[in-house]
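The same chain A turns up in both complexes below, where it pairs with chain B and then with chain C.
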Partner chain A sequence: MGQKRSTFLFSALCFGMAFLYIPMLLLIIYSFNYSKIVPVWGGWSLRWYKVLFESEEVWSALTLSLKIAVMNATFATLLGTLAGLALVRFGRFKGRTLFSGMITAPLVMPEVITGLSLLLLFITMAELIGWPGERGITTITIAHITFSMAYVAVIIQSRLAGMAQDLEEAAMDLGSKPIRVLVDITLPLLAPGMVAGWLLAFTLSLDDLVIASFVTGPGANTLPILIYSRIRLGLRPDINALATIIIVVVTIGVIIAGYLMLRQQKQRERDMQMAAQEVVKLDA
Partner chain B sequence: MSQQADNQDRPWLDPDAEPFIKVQGVTKKFGPFTAVDNVDLQIYRGELFCLLGGSGCGKTTLLRMLAGFETPTSGTIYIDGAEMSQVPPYERPVNMMFQSYALFPHMTVEQNVAYGLKRDGVAKADIAMRVSEMLKMVELTPFSKRKPHQLSGGQRQRVALARALVKQPKVLLLDEPLGALDKRLREQTQFELMNIQDQLGITFVVVTHDQEEAMTLSTRIAVMDEGRFVQIGTPTEIYESPDTRFVADFIGSANMFEGRIVENGADHVVVRVSDPRIEFFIDHGMSIKEGTKVWIAVRPEKIKISKNAPTESGANQIQGTVLGVGYLGNLSTYRVQAGSAKVVDVTHPNQSRPKGDRHAVDWDDQVYLSWDPSSAVVLTK
Partner chain C sequence: MNDNATAAVDRSERSSMRSLTAVLMQRIQSGWKTLVVGIPNVWLLVFFLAPFFIVLKISLAESIIASPPFSPLVEWSEEGALILQVIFDNFIFLWEDDLYFNTYVNSIKIAIISTVLCLIVGYPIAYGIVRSSSTTKNILLLMIILPFWTSFLLRVYAWMGLLADQGTINSFLIWIGLIEKPIRMLYTEFAVYVGIVYSYVPFMILPLYANMEKLDMSLHEAAADLGARPMTTFLTVTLPMTAPGILAGSLLVFIPAAGEFVIPDLLGGGNVLMIGRVLYNEFNSNHDWPVAAAVAIVLLLILVIPMMLYQHIQSKQAES
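Up next, the complex of A and B:
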């Protein structure tokens, strides 16, 4: 019975993993396919990587995406941190519950709605005040900030709630005014959360197709927009190569982050053990 | 000794002494819940004052109001003559040692201790000197470059103490300072704390739920219950003359007998108790009407236990059967069935070694319990 059950669970796990990873594996394999027609195998080759690196269009889309992602991540982290701080730390101001609920709304709002409403906003603003005159990098960045900020605020909120308030009180007790407490205690302790928020905002922006398509203008193609527009005309081997590169970069990033976190945790455990052992020694 | 010299150690007896901390009619409500209920308190310079009470009785809330982290719902607090309602925590002449210690995890021991001095704009060289002196005093010099998570509980406690003391505040507020330590370390640290307080002459206000700790440490104790003070006094006053049954029971233990006053003379009172059926003779007069319901508290160690009838005759003796004996080494405790439902606890020092395993008084022995007329305390609440 036990044997049967574990066999069943094991096959379920294998099936689930296969479901997740076989499509990506196929993508990677086909990126090395010499043949121009994707499903037809023409032997191993780096041909499409070369095509990719020689394409002006791909490079400009990549630069645009990276620029937007960096600006977005930076501003979203800044604003999201402020919002999180205001919601958790600065007492019960009027309408706090309302704000608290509203900040999470963009997380569940369908992207199509967010994109549409932002487009409407930009058009109305252009009519009224003549800005933004042309849709492109600026409008995409602003649109990305509006929803990434919500994610950052949620991360910061949860870290703050978990962070004992008595640290801030202790600093105040020792003579720090509130601003000083923020700089000396709160922000340093929030730093890991802000880094996590920055990275999340960065990936969200890099990944976004729907909202960017709504608010972009002529000529401003981000990487996802470019990929999608090419794919629409049929599968293309150079896009497979591009996707493979993205997969590799993301995998490396995840592994590094995991390794760093694990090392930090191990170090902490070692330190605590050391402290405990010393007490035993002193007592003896 | 003159009265004047007497009162130097006990400023609370001196009607002219100016209290250093004055709490007047302070109430703190959290929504409909009253955490601190209309308390008055005077603490004098150099005292080691304990707030003692069970969990949730409002000790921390009162301390946080002194530190400025909570605003009283009503009432006023004066520290060193100044009214505190408009003074933020960072400008009060007090420092607090938190129950959780609240050490800054991203700073070393040294940086933690230096933090308060830096904020005060003390010169760099002075900071270094004062920090190293303070670390020496709490014996943490070898650990100065460590982060808090690399320290044991006792070491963290001393960092927290050093960090609060280094600023030389006029008042140090300590919230269960020894709560996180194990018993041995706690006893040892109690004396260190008293030494430090004595050396620096800083006024300490200590919150604790441990009555032994309060008895050991303090000049005076305020016993709290449900947000109110039930009694304020020296450890001796609180132990020997509790005002209420709550205090008598909370500080140490007490045998409680319920009865009525049947005779009220100028120099004595007689109380008739129904279970066991005896009369208590109290050797001082009291201003209570005859017939009033009262309780009599007798501490277990004030009761003599013997298998022979006491030679002096008096009202204060009862007979009973030993239900149980607990041998604690230095003491023995006895549970004696003394009425139909009444069980009396007695503790007795073991002044001579028992022969073999035989104790002077053992299970099922018929015994006489007796006590001095001055040992019983009459309580009306």
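Up next, the complex of A and C:
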């Protein structure tokens, strides 16, 4: 009986992983296809990588996307950390319900609504105060910060909630000013969460098509906008090559990040054990 | 006496100095607190809340040929009186127009069926991960999260290659001789379901996993020891205990799926009506802003209950 269940679960896992990974594997394999028609095999070749690297359009879209992603991740991490701190450490304050509602709403808001409403805001603002004069990199960055900071705030929130307040309270009792407590104790403890938040905000920005295509202006094509405009009309071998590069880079990044986090966790456990041993020794 | 007086003045000065510092400190402290709450708050008020009122305002306007292409809500009449012009025509139009009505119904139908499919696919996977050894568990979780970090657009594109008439699946089926002519899969509703399940199943698996991990497995053993059959144990013990995870995961799939644009556009083509796509086209191709704004408001009204429900679960989880 138990055997049957574990066989079932094992095959469910295999099926699930195959479902998730086979499409991506095929995408990668076909990027090395010589043929111009994607599904027809014409022998191994790096032809489409050459086409991709020589395309100025792709390079400028990539540069624009990276610029936006870095700006977005930095500001979203700052704002999201402040928001997370406020939600977990300040208890009840005026307007908390609205505030926490506005923090979590972007997480589940359909992208078409966020995109449309931000575009209409930018147009209204341009009319009222003359800013933003032209839509493009700035408006996309602002739009991305608005939804990315919600993700950062959630990460910070869960990290803070899991973190004992003892250290902060001890420092306060010893006479530290609140601002010193924040800089010396809370922020260093939050650093891993902030790094994770930054990376997530960076990825979300690089990945966004819908909101960016609403709030962009003439000539400002991010990488997803460029990819979308090409694949709308069908399969393109150069996009397979681009996809392969993105998948490989992301996979390496995620594996390194996962490894580092695991190592850090083990280190922390070891430190705790050592500390506990010291305490035992002192007691004796 | 003189000495005494000086000392008294000195003392009162010092104490007032001290109280001044205390007040100042308090000010600074509440000042930085205000700043910590204030900065993100102002940002969200301007860039998140205000836009909705603008959308609402425009949805109540009339489409005109001008820049911007809608009539003003508030106008000064020639006599200097303020006129509030509210037009519900756009909403009445959406209600009466079969195309829009059917598109809403179809979007919700597709979102519900996709959510159920995600649950069927995701539940055993989440359960399988929970029952794995701790090293395998970490690797499996990483494998579930990994696609989430790669481009959403490219994952949808991968299915275009699989489902196309000359695509991998059709070529394979013809090659093994199962079919003679390619089956039409791309640009059908079927393709949209595959795309949504593929893209959103991690959102189902992760909350389910988080929920299952906290479960007390001894209850299963107790049920089994008492002679319950596996199916009975599952229905009476496991399923009710994982209900919070099922609800969270379902909302995380249903809400974005109902407003999805990319998947119906790339995999469904023109054959599948979904509201996200209609909204996008209404705005970008037809330039009918008031109708587009009304479409957005109605979509928001449909999704507001699921969204608040999700928020409620989230905040309850944050507290515990």
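What we mean here is this: the second predicted complex is superposed on the first by the 257 of 284 C-alpha atoms of A that agree within 3 Å, B and C clash if a C-alpha of one lies under 4 Å from a C-alpha of the other, contacts with A are read in each partner's own complex, and residues count from 1 in each chain.
Keep in mind that, in the parts below, contacts are C-beta pairs under 8 Å (C-beta built on N, C-alpha and C of every residue); 3 or more make two chains touch, one makes a residue touch a chain.
Just so you know, these numbers come straight off a predicted model, no measurement behind them.
**Student:** May I ask you to decide whether A:Val108 touches chain B, chain C, both, or neither, giving the answer as first, second, both or neither?
**Tutor:** Touch partner of A:Val108: chain C, not chain B.
**Student:** Taking the superposition as given, does A:Val51 touch the first partner, chain B, the second, chain C, both, or neither?
**Tutor:** After superposing on A, A:Val51 lies clear of both chain B and chain C.
**Student:** Can A:Pro188 be said to touch chain B (first), chain C (second), both, or neither?
**Tutor:** first
**Student:** Tell me which partner A:Ala196 touches in the superposition: chain B (first), chain C (second), both or neither.
**Tutor:** A:Ala196 sits against neither chain B nor chain C.
**Student:** Using the touch definition from the top, say if A:Tyr30 reaches chain B (first), chain C (second), both or neither.
**Tutor:** second
**Student:** Count the residues of chain A touched by chain B and by chain C, then name the partner with the higher count.
**Tutor:** In the superposed model, C touches more residues of chain A.
**Student:** Please indicate which partner A:Gln157 is in contact with in the superposed arrangement: first for chain B, second for chain C, both, or neither.
**Tutor:** The second partner, chain C, only.
**Student:** Do any residues of chain A touch both chain B and chain C, and if so, which are they?
**Tutor:** After superposing on chain A, chain A residues 177 contact both chain B and chain C.
**Student:** Which bits of chain B are touching chain A when the two form their complex?
**Tutor:** 67, 69, 88-90, 94-96, 98, 100, 102-106, 115-116, 119-120, 147, 149-152, 154-155, 163-164, 167
**Student:** Help me check something: in the complex, which residues belonging to chain C touch chain A?
**Tutor:** Going by the criterion above, the answer is residues 25, 28-29, 32-33, 36-37, 39-41, 43-45, 47-52, 54-55, 58, 68, 121-122, 124-125, 127-129, 131-132, 138, 140, 142-147, 149-155, 157-162, 164, 166-168, 171, 198, 201, 230, 251-252, 255-256, 258-262, 265-266, 276, 279-280, 283, 289, 292-293, 296, 299-300, 303, 306-307, 310-311, 314-315, 318.
**Student:** Within the complex, which stretch of chain A touches chain C?
**Tutor:** 1, 4-6, 8-10, 12-13, 16-17, 19-21, 23-24, 26-27, 30, 37-40, 79-80, 82-83, 85-88, 90, 93, 95, 99-106, 108-113, 116-118, 120-121, 123-124, 127, 142-143, 145-146, 149, 153, 157-158, 161, 177-179, 203, 206-207, 209-210, 214, 224, 227-228, 231-232, 234-235, 239-240, 242-243, 246-247, 250-251, 253-255, 258, 262
**Student:** Taking the complex as given, what residues does chain A use to touch chain B?
**Tutor:** 164, 166-167, 169-177, 180, 184-185, 188-189, 268, 271-272, 274-276, 278-279
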